[in-house]
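What follows is a pair of complexes built around chain A, which joins chain B in one and chain C in the other.
Right, the complex of A and B next:
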């Protein structure tokens, strides 16, 4: 895609009168003034400086929406044809900015307070106390360590997913049937999976898996020891998400140029050789995309852990998200919990940036 | 290679090799199909079992146990109770309805906002301050990294003061935000595949850029939009984290209901199984009938 100039050129003689421009600007500033006025009044109301105001901040939200609409409309009024182009991106951008940037700034503020929902004082700034508490919080570091294990498990998932994609790409009958069945786990909600697999199939007394294990002469205990519990969580998460990688890799396999593979066959490559020397290198870009996206999803892993083990035994299965969830839910410790979340965000951003850098350097190198 | 004739030594070798590879492929396929399907089968059949059937480990309906409606009766959804008034059923339907409304509206909103943004980014050059097109795209896509925990608490407080806590609108906004990057990712790929000449022709014929977008581009991009919509639907329907934190009674969604039942001690296997089956059924049906679109959605962007 070209980087200079529009792909779709439009030439229009925009003849915008000064009055029209002024109207547009007035709309934006007027609604902005209304919004700030209302917000100020509501703030004063909340801090008991005035009785004038509403019960909730909802009118302020409406004022904000009005401002956003005015801003969009003003684009067309002030800038004419160019504004119409801006109008494609502006709504989404406004939506994301207002729902991400402001809450993030707010979260940054909360994370340096000692706010506990149970206490009546509301948030009180407490400097670096939360940071110090985090430093000595063994459970948080443990959760971070678990995340490393969980992310490493992606490689195994990748191998299985690649194998399945190859199988589905082979000359087989009933391909559509297998594709649908393989896709099914992805459709299930993690919460349902935690009951279906975690709590019923792995149930120690009556679960079918326990029965098989007992038949083989072992005593079933899936969430008793840390290692096995962690492996079980990984397996359940892998079960739901392998189809995701599989589909991406399958799409990659189907887009491979036929001639190259046929040429390798003519040259006498065996199945394994043509996979190792031709298919795998050609699949590298798709593989990288699939793995990166899978890692991003993996970093959000929580639902299954919350519902099956709640982090047990002894925090061995805790992911960062599930740990913070319990910090909010059980201890209402929002100031500290938010700091942990912010630290996690920073770590993720660093990690993903490094990962992408590494990947792009790796991809540029001639193979 | 030696010539292949019937009954020739080499021919027999080729055949043996062919058959072994066939058997290996189908064994692997069937094994994985069982791994994928068994939990669903188990849940569905358990919802028709009674306690003794669960304890004895009976598996196959009509073979080693007789299906009973007991599990579904606990949801008020059995032939016997369907005509009667049932509070459990109302509760269940309310949650179901909440999930459906939230998922469908959030996906619709995300597809509208996302398609517009993706189209703009694939056709025009923008400059917001220092942000160029690639920066704007990256800004949208980078939202995917954002872990839900970071937003959870600010939203809890924000929604409390906006009186949006425990409301569907609040969830819809959040879910839209959550799936928007994925929609933009899919749609950008779709729009880049549509030749610009089509719109140029439309512009020559007197349509504006919005007219060209709505009348010419949208119909072509419709399959991609359906794919993005369904993928968003799946993610929203299954979302648990935000729903657990931000809803209490009114806007509780199905996953929260399922999760709250698992917590109680001495699980009622049959009713839990019925509830889980009911929660997963809509998407299983979607998967079976709209599999094509789901695969299309996920394949977009993977292959450039």
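Right, the complex of A and C next:
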């Protein structure tokens, strides 16, 4: 047994022969060669470059699984005890690669094809055609513009959520009851909200809200004009998700050091001063986290729109996701739809990165 | 028959105990007859007998009823298949499970067939919402894992156009008596390149529903029921500012859905456009069959879009109509007493009297798609001042198709076709059109009203309601849907553009129509223009 090196974490010191190492490496490289060989052959077969190949890509998948297993086994064969430690992580890493990285690369490929499920020819690479189509697609840009409105609405939601959190943090009667009640909308599926509120309560003819509006002498129309329709979608979405921000902010408020707030009171600060100078700055990291997570939720907004307005009137409420949904489900336009989704993904990554960079200085609690 | 229609008749007729006993006694008498006598007029008596299962007014049929009907209708199968002939054959059937009908009925109908032939059927049940995606993905990825499929005619382009179905053998054509189909379900529907593929089990078309208290002497308008789209627009404008006699709310004329419905909303613009655009001299009215150039921006279609825009401009629609899809116009507006005219499938007729939320049951009347007093001749590029009727055969109805997966195994192929033929049999289909099944009548023989009357139905209602269907089905200038791949993609993108047009984002009806045409051209190029031209011609029987 070796007496040098990292003795603390070494259970046994393996004496691994060169032959064993060579076998392990051969196992990995051999299975990798088989995997790539089969993949190349199948690709050539599918692109009519050779007749040699299989009906489906399943044998290639099996070769991949074989390679993955060989890679795991080789860790132990080549590195012995140390390799076993790698085995704790390696399968999970391979799993992630299989289910995230590969589909992403595949989607990238699909997004540069003209794949329409109704097309007899299947997916055919079409260069930058999809990108050009997107560039001149008024519906997509309109949806992106709407997303800006929707994301801006988060600021209003934040103000309301903060107000509610402060209320629920105060010494009010039946505080626990209200906390549960205020959380209820979050527990509802947005699909249920769109039907119960959007399609029933706000229904122009028999919806109770419409009746009240009519009683008041106005003609109800909640989704008739672009501005009001967009506002109603924002309101329904806000109603569902304000509790989410509220609960995060409430948790933040409860974690605030009481002595600092009490100290501000002793120093004679008014309620507003203590909020402005102490509570709000202390809450900034939680606030920023809540806002960023809410924006990420908001960027996925689709269900309420699909159910209530289908993007109308005239695209005024369309979100990028609801537009892509139509492109996919109604038009089976897989290639173009995937490109739109990929572009949106890139836009989101850039936007969130910039946002985090911008707010990073608020994320640390002031000393 | 649609479930709600059946419920209505059951409720409306209030079948009494005596009538019930009459029916039961007849059944008993038939059961006691010697076999020879029962076979004497076999065909006619089978039809009369199955219509007594379970008996009109005796509650909804159950699995045991479906099995009984299946058993009694096995005669035609027995002529072509010997007992146990398909022993060892396994087939997979993909269909819907809407309202616990469709596949559930097929299971019952086919159980005696399985017992007799020895074949076994495995089932894939799909919800309506999952159906299109499942079918399209199976087709696109080459993973067809079913031998028999229940499918709507609009998908024939996707399936038959790719040669994925098995051609119908001649013995099946004879067994199901295809000559009995209503005219529009005959070729080219169900055929591709002259070959027949479809066993029809349903029929579909849009019919006109109107409020009787709005039309006729002493009515709100004092006018006759409009028969042309021009009259419909006139009367719709005249009604602005008047009060609905039933609800006391503002009165309205025709209800156009101005919001999309996953592609299905386009059928409703088609209702208007077919009268202008479907000239008797050509079956084509959506695309030029030689070039696939969209006709949707020709003067006929532009007129249809303009009609809708005129009514928006005149404030003739109910408030918030911009947000009303076809489901809203039918079930939340027309049936609830808003608006006086509507085009829809058969459901509206039946729901008018059975739905709890309907207030128009006593004042609803039916007719065929209104005409136009001029028609656009696309071949010559001129309007012709002649009256033109062209009922819109929206969706064409369900059929049973056998997939090419059975080719190469004669026994399996015969078994699959025998199962399909059993489901589309002449007698069995009569039962399906008379009892809750989700299917509409689709054969000439389904409109022999005396059979319905004998079975215990109210003749006046059956004649009135089904008459409008029969007139549409057999119309010589019926506008038939193009069965080309991706037809719903065209409809869906048109809905998006129409929504913009109706919201005033395009300058005119022509601009809106041009935008639709441009989007259609893109889809055609993407799917493949040459193949679309070939398939379109094939679907039109050109």
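Assorted remarks:
Throughout what follows, the second predicted complex is superposed on the first by the 265 of 367 C-alpha atoms of A that agree within 3 Å, B and C clash if a C-alpha of one lies under 4 Å from a C-alpha of the other, contacts with A are read in each partner's own complex, and residues count from 1 in each chain.
As a working rule, a contact is a pair of C-beta atoms (placed from the backbone, for glycine too) under 8 Å apart; a residue touches a chain by one contact, two chains touch by 3 or more.
Here the structure is a predicted model, which means the values were calculated and not measured.
When the two structures are aligned on the shared chain, A:206 is found in touch with chain B and with chain C.
Contact with chain B, but none with chain C, is seen for A:239 once the two complexes are overlaid on the shared chain. Judged by the touch definition given at the top, the superposed model places A:49 against neither chain B nor chain C.
Shared-chain residue A:352: touches chain B; no touch with chain C. Residue contacts after overlaying the shared chain place A:86 against chain B, while chain C stays out of touching range.
Comparing chain B with chain C, the partner in contact with more residues of chain A is B. When the two structures are aligned on the shared chain, A:181 is found in touch with chain B, with no touch to chain C. By the document's definition of touching, neither partner reaches A:132: not chain B, not chain C.
Look at A:195: by the touch rule set out above, it reaches chain B but stays clear of chain C. Using the contact criterion defined above for the overlaid structures, shared-chain residue A:25 touches neither chain B nor chain C, since it reaches no partner. Put simply, chain A uses residues 205-206, 329 to touch chain B in one complex and chain C in the other.
Residues of chain C touching chain A in their complex: 133, 136-137, 139-140, 157-158, 161-162, 249, 259-263, 318-320, 322-323, 325, 332-333, 336, 338, 485-486, 488-489, 492-493, 496, 499-500, 502-505, 522-523, 526-528, 531. Residues 1, 3-10, 55-58, 60-61, 81, 84-89, 91-93, 95-96, 99-100, 102-104, 106-107, 110, 163-164, 167, 170, 172, 176, 178-197, 199-201, 205-206, 208, 211, 239, 243-244, 247-252, 255, 285-286, 289-290, 293, 296, 299-300, 302-303, 306-307, 320-321, 324-325, 328-329, 334, 337-338, 341-342, 344-345, 348-349, 352 of chain A touch chain B in their complex.
Residues 25-26, 28-29, 32-33, 35-37, 39-40, 42-43, 46, 54-55, 57, 59, 113-114, 116-117, 119-126, 128, 132-134, 136, 139-140, 143-158, 161-164, 173-174, 176-177, 180, 184, 192, 196, 199-200, 203, 208-210, 213, 234, 237-238, 240-241, 244-245, 254-256, 258-259, 262, 267, 269, 272-273, 276, 279-280, 283-284, 286-288, 291, 294-295, 298-299, 301-304 of chain B are the ones that touch chain A when the two sit in their complex.
Interface residues of chain A facing chain C in the complex, by the touch rule stated above, are 114, 116-122, 133, 139, 203-206, 219-224, 226, 229, 309-316, 326, 329-333.
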